[in-house]
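Please find one structure pasted underneath; my questions will follow.
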Amino acid sequence: MKNTFGSSISLTIFGESHGRAIGAVLDGMAPGVPVDEEFIAKQMDLRRASGRISTARHEADKVNILSGVFNGMTTGTPITMMIENQDQHSRDYGELAYKARPGHADMTAQMKYHGFQDFRGGGHFSGRITAGIVAAGAVAITALKMKGIRIGTHILTCGGILDRSFENYDEDIIKLEDAAFAVLDDGVRQPMIERIEKAASEGDSVGGRLETAVIGLPAGVGEPWFDTLESVLAHILFSIPAVKGVEFGDGFALADMTGSSANDPFRSSDGKIVTATNHNGGILGGISSGMPIIIRTAVKPTPSIYKQQDTVDIKTGKETKLVIQGRHDPAIIHRARIVADSAAALALCDQLALRFGTDYFAPCEKG
Amino acid sequence: MKNTFGSSISLTIFGESHGRAIGAVLDGMAPGVPVDEEFIAKQMDLRRASGRISTARHEADKVNILSGVFNGMTTGTPITMMIENQDQHSRDYGELAYKARPGHADMTAQMKYHGFQDFRGGGHFSGRITAGIVAAGAVAITALKMKGIRIGTHILTCGGILDRSFENYDEDIIKLEDAAFAVLDDGVRQPMIERIEKAASEGDSVGGRLETAVIGLPAGVGEPWFDTLESVLAHILFSIPAVKGVEFGDGFALADMTGSSANDPFRSSDGKIVTATNHNGGILGGISSGMPIIIRTAVKPTPSIYKQQDTVDIKTGKETKLVIQGRHDPAIIHRARIVADSAAALALCDQLALRFGTDYFAPCEKG
Amino acid sequence: MKNTFGSSISLTIFGESHGRAIGAVLDGMAPGVPVDEEFIAKQMDLRRASGRISTARHEADKVNILSGVFNGMTTGTPITMMIENQDQHSRDYGELAYKARPGHADMTAQMKYHGFQDFRGGGHFSGRITAGIVAAGAVAITALKMKGIRIGTHILTCGGILDRSFENYDEDIIKLEDAAFAVLDDGVRQPMIERIEKAASEGDSVGGRLETAVIGLPAGVGEPWFDTLESVLAHILFSIPAVKGVEFGDGFALADMTGSSANDPFRSSDGKIVTATNHNGGILGGISSGMPIIIRTAVKPTPSIYKQQDTVDIKTGKETKLVIQGRHDPAIIHRARIVADSAAALALCDQLALRFGTDYFAPCEKG
Amino acid sequence: MKNTFGSSISLTIFGESHGRAIGAVLDGMAPGVPVDEEFIAKQMDLRRASGRISTARHEADKVNILSGVFNGMTTGTPITMMIENQDQHSRDYGELAYKARPGHADMTAQMKYHGFQDFRGGGHFSGRITAGIVAAGAVAITALKMKGIRIGTHILTCGGILDRSFENYDEDIIKLEDAAFAVLDDGVRQPMIERIEKAASEGDSVGGRLETAVIGLPAGVGEPWFDTLESVLAHILFSIPAVKGVEFGDGFALADMTGSSANDPFRSSDGKIVTATNHNGGILGGISSGMPIIIRTAVKPTPSIYKQQDTVDIKTGKETKLVIQGRHDPAIIHRARIVADSAAALALCDQLALRFGTDYFAPCEKG
């Protein structure tokens, strides 16, 4: 289905960058999960970012909960979260109406929607639409926390500069929670930001890689063959604009290893079976092993750049030149990380509810 | 859904390595598509492989078509393809019944199936189950060919040795069709095979990377946000055992590029909009652009190795040592490539039928 | 999936009777379908009804389109329609919070949502939630009209009084379009209304049967075995509160006929195969034959009555007496008919898009 | 999806009446459910029936289990059940190849499959394909029994003769289990059979109504709005050939009742909330109440009759006469009842697994 993801717990997103509102409907979440509007607002802020390396679009991204929450808790029925668009500046995009921006969805949207699409600011293909994922993801992250499952994503690389990987999962995930520019090694933050600013000063942009860890996920989750944990996580992650690669555990590096170095030996620990290493990223045969889930995601550089580009007018089919005006991010990697967290959390909630039932996240009965 | 993939055209796979039969049900394929049993047999042979670098399991993998084919053509109803298991050698696996093989699904299957799973030879998690994907994929590949869409996968790397990438798509894809060990540069075949043999002689195994190209796919296919072309392709590819990474276009390398180098400029060519480069691998905003689709897949080294490994007995929970007996592949990369072709073909057929209707692959009416 | 129906064209509904807003997300509708807000408003009015036989809830049910419509036409992306709740009178329902109303979902909602559900006015189980179906259904009805497919529902019986059946489909469907109390024989309207008023005066309520006709549907639509046209239509119709029976063609009466009287002989007419009679209601083997689709739906009497009833307090489990206060309809059959039209239209749009592709309802390219 | 039903526990059916084999894949059933081949064989016999009022097709309908069962129990992976076609007599149907049989799917199959369908004996639309539903349903019925949930269907009417309704559910359901011609009042069996024989002697056929009861289903099952218990049960029941009506509780009769007579008052009984009456058939708001589920299904008379009928040649489009040769049932109502049981059981298993998780039907761990 197009704009709906998930089976037991599902997310439907809607909206266009310059339309009236964007948002999401989260359906199937168990009743009794607390909905903390402050936490949602904090997550929205992390996505929106700001400062020199982010666009200045001054929208509060206030999440209006229209349904599914009663007395501060989920009711078990669809949770609709709406974010009104306030600051639209449609005219900035005037020139872009028919000049397909390279690296964007303008041309392919034309092939699919035949000119009826809302082209303003990328319309439904704008990165802004990820706000709905983050709003719904905040509820998912809360639900996971109630079950002792925690998730965190950091900027593993940005513009070629490398952060350290996870070491102490508990501490590292806590460290990432409120970080506007989420790195594990504080020493790489400034170099990364400077790299982004350099790209900005050149009218260019940079990309990066995200690394996500999930701890506390029970063993035995995942529905092979076709709904392996890797399959469903990759499915939702590849829905995030700019994501062009997803790998689990050592991922592509595993391809160059030998079996004897790639295999994770089993051990017994406190009555549980664990692995001595985690090259497989907590997933074997598509099913969780109880070890930390490790995901890495490639985010391409923001396609909106200020340099002049060759393009085609999708109305006339004629070749032309394009210079993009308006505000654009020289990097989105620091904003994308909260989207990756949210998307992964939503997919995991769905898998857990499928596995353990629709009451999995429900607290004891209200009585 | 667990063992079913797809919506308009769906595949259901079944079977255990040492059970009575394995197979697949392909549902939703348009009526009138020719079913060439010789082509199916050829594809099965490519998956089965043989020789020193593959297991000696002497099964013909004869595909029995039980339904959905009439007078050599699809009827439009479910196509059931059954492959009987003949050569089972259950006793080879006796010691493995309770010793979880590192890198395999034995331990996670226990967590999910509580000891009721058929553990013999990996059961439902055996790579043998991919035979159903290949059998159904052969029909999908034929259907795509009827619409001018062609697909080919080569071994981009094996044990660290690099093949060249696609140059002339048409010629390269033809070259790959019947190749038992599919590389584009004939000069790398022997070194790769030697690398595999070296691993075998050390009781070890190697992995590799696959690169898949799809040409002729119309622009405008893909259902963002959540069923982007990348999402659905990655979903099915991550269902193949041993796949731990998937990337599109320049994939992870894009993360290190700048926007000005990563963007593909648009050009006009014979009335169609094309891109001068193809860093995005034929997909923009999750929708096909009409350029070649480029997919790379990381395949981990075969987890079955002959070296002694540390493990745990899943019945007693006690730590123990494991030495795997029996026949095992020191590499599966050359066999996996036909599985990747087949899986991608199935996902594309589904997307095309969703986009253009259930008669998309049907020829003119029979009359 | 819970609150989402459909595959290629899907509907997600949300909201609670006394929450902030209710509404729907319609996803997958082709681009270029006109969205006529006046027509939507008219449909909403038909559902809301008014006068002595309907509740006096003075809400305009103004539909706010938040996304998916641009320049008065669908864009092809999710169409979100929100209706704010203005007139909530929560206190009317105070006594009902824990006394399960017989015939309502209060008790079963408690079993499923453990006391976290929004109980006010039936919450998510209120008939008011059908407003989202009607709003989205208005777009579906417009899309069907563009393809020459028309739909109409009349009150076949109400409180035991019988309307005539369809005679001239074209004229009859037109006649029903704007009817606040939709009957085909004008002579039965007043008796039916009087029957309802009599029930109202006795603190009681009545039910009825709806009959729906669909004309212009192409032959060959329906996806047997499990997505027969009957299956998908019944699926959505049984989602409408108070619907307890659905039949097609002569339905239950067919069970008492012989084969020779029930079979519809085939004839040739203007190069098309038609049937001389239509006992099967335009569906054979789960697939449309091109003849009018005939559906009949049983609507139980409104469970909210003013007579004292025996019930149980769901909090204490103790038996008690209940006298429902507030405004309630002595009949909903005249309001339900536009919901049945809308629901059937949505299911048919989905089936047509699956069959003929996502552009089926798109006009010629915008150019 | 076409030939797959269900989400957590799903059924895929395949085959043609005169093809090589028919069967089903049951996926998602929990591990550890006993698979009793004798019980399956008994259910198959009840569907196949025999004697004067049933066709003489001498096939044992032997179910071959190809996968998913190990040591007599489900493994949790897909269970494939294949029934080979042995007695095909294709030539009997020669004349029917292009003459559309009234009341059958021949004409609509032509509209959908364009002449590529296997027309022999109705092909994929033959009632014979229900054998796969019965085979898989036997496993579902066993799983339900393990949880104290039991199901039974009787012939409520046949050719206008009426059986009594359920009185003592436990005893009545046991009584139905092995009945070849399942009625509750033994006195109506002979009159019904004589009515069928009379139709047969006239070259005609009769239909009937089935009544199904389900007891022991926990309260709180069903996923409103769109997956109400009525919606999913009706969905699968309307997939059974010849079913043209489905109702729950008092169904269509409710439409003629008043609210005060239709509402089921709540009572407290042994700490559970029950209803004093059961007009709503155990379902309120689409969710189970814990009371018996009551379903009635209308089965049209067998369309295959020996009387000459008017029809059209689907190849030439010309009007012609048809006299059906070969063996045909003058009634299928006694065979359909086991299909209704099986279909309802499968839908309920799916709903229960969605509600309570994929291990719902699993026994204690094997250890």
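Worth pointing out:
Going by the order they are written in, the chains are A, B, C and D; count residues from 1 in each one.
Note that in this section a residue touches a chain if its C-beta (ideal position, glycine included) is under 8 Å from a C-beta of that chain, and two chains touch if they have at least 3 such contacts.
Being a predicted model, the structure only gives us computed values, none of them experimental.
Relative to chain A, the chain whose mean Cα position lies farthest away is D. Counting C-beta pairs in contact across A-B and across B-C shows that the higher total falls to A-B. Per-chain Cα centroids separate chain A from chain C by 37 Å.
With centres set at the average Cα position, the gap from chain B to chain C is 45 Å. Mean C-alpha position of chain A lies 27 Å from that of chain B.
Chain contacts: chain A has residues 1-4, 7, 13, 112, 124, 223, 359 touching two or more partner chains.
The part of chain B that touches chain D in the complex is made up of residues 1-4, 7, 10, 12-16, 19-23, 25, 27-28, 31-32, 64-68, 70, 73-80, 82, 112-118, 123-124, 315, 359, 362, 365-367. Put simply, chain C touches chain D in their complex at residues 1-5, 7, 11, 13, 100, 102-105, 107-109, 111-112, 124-125, 129, 157, 159-160, 199, 203-209, 219-228, 230-232, 234-236, 238-239, 241, 243-252, 254-260, 262-268, 271, 273, 275-276, 280-281, 283-290, 298-305, 307, 309-312, 314, 317-319.
Across the complex, chain A is touched by residues 7-8, 354-360 of chain D.
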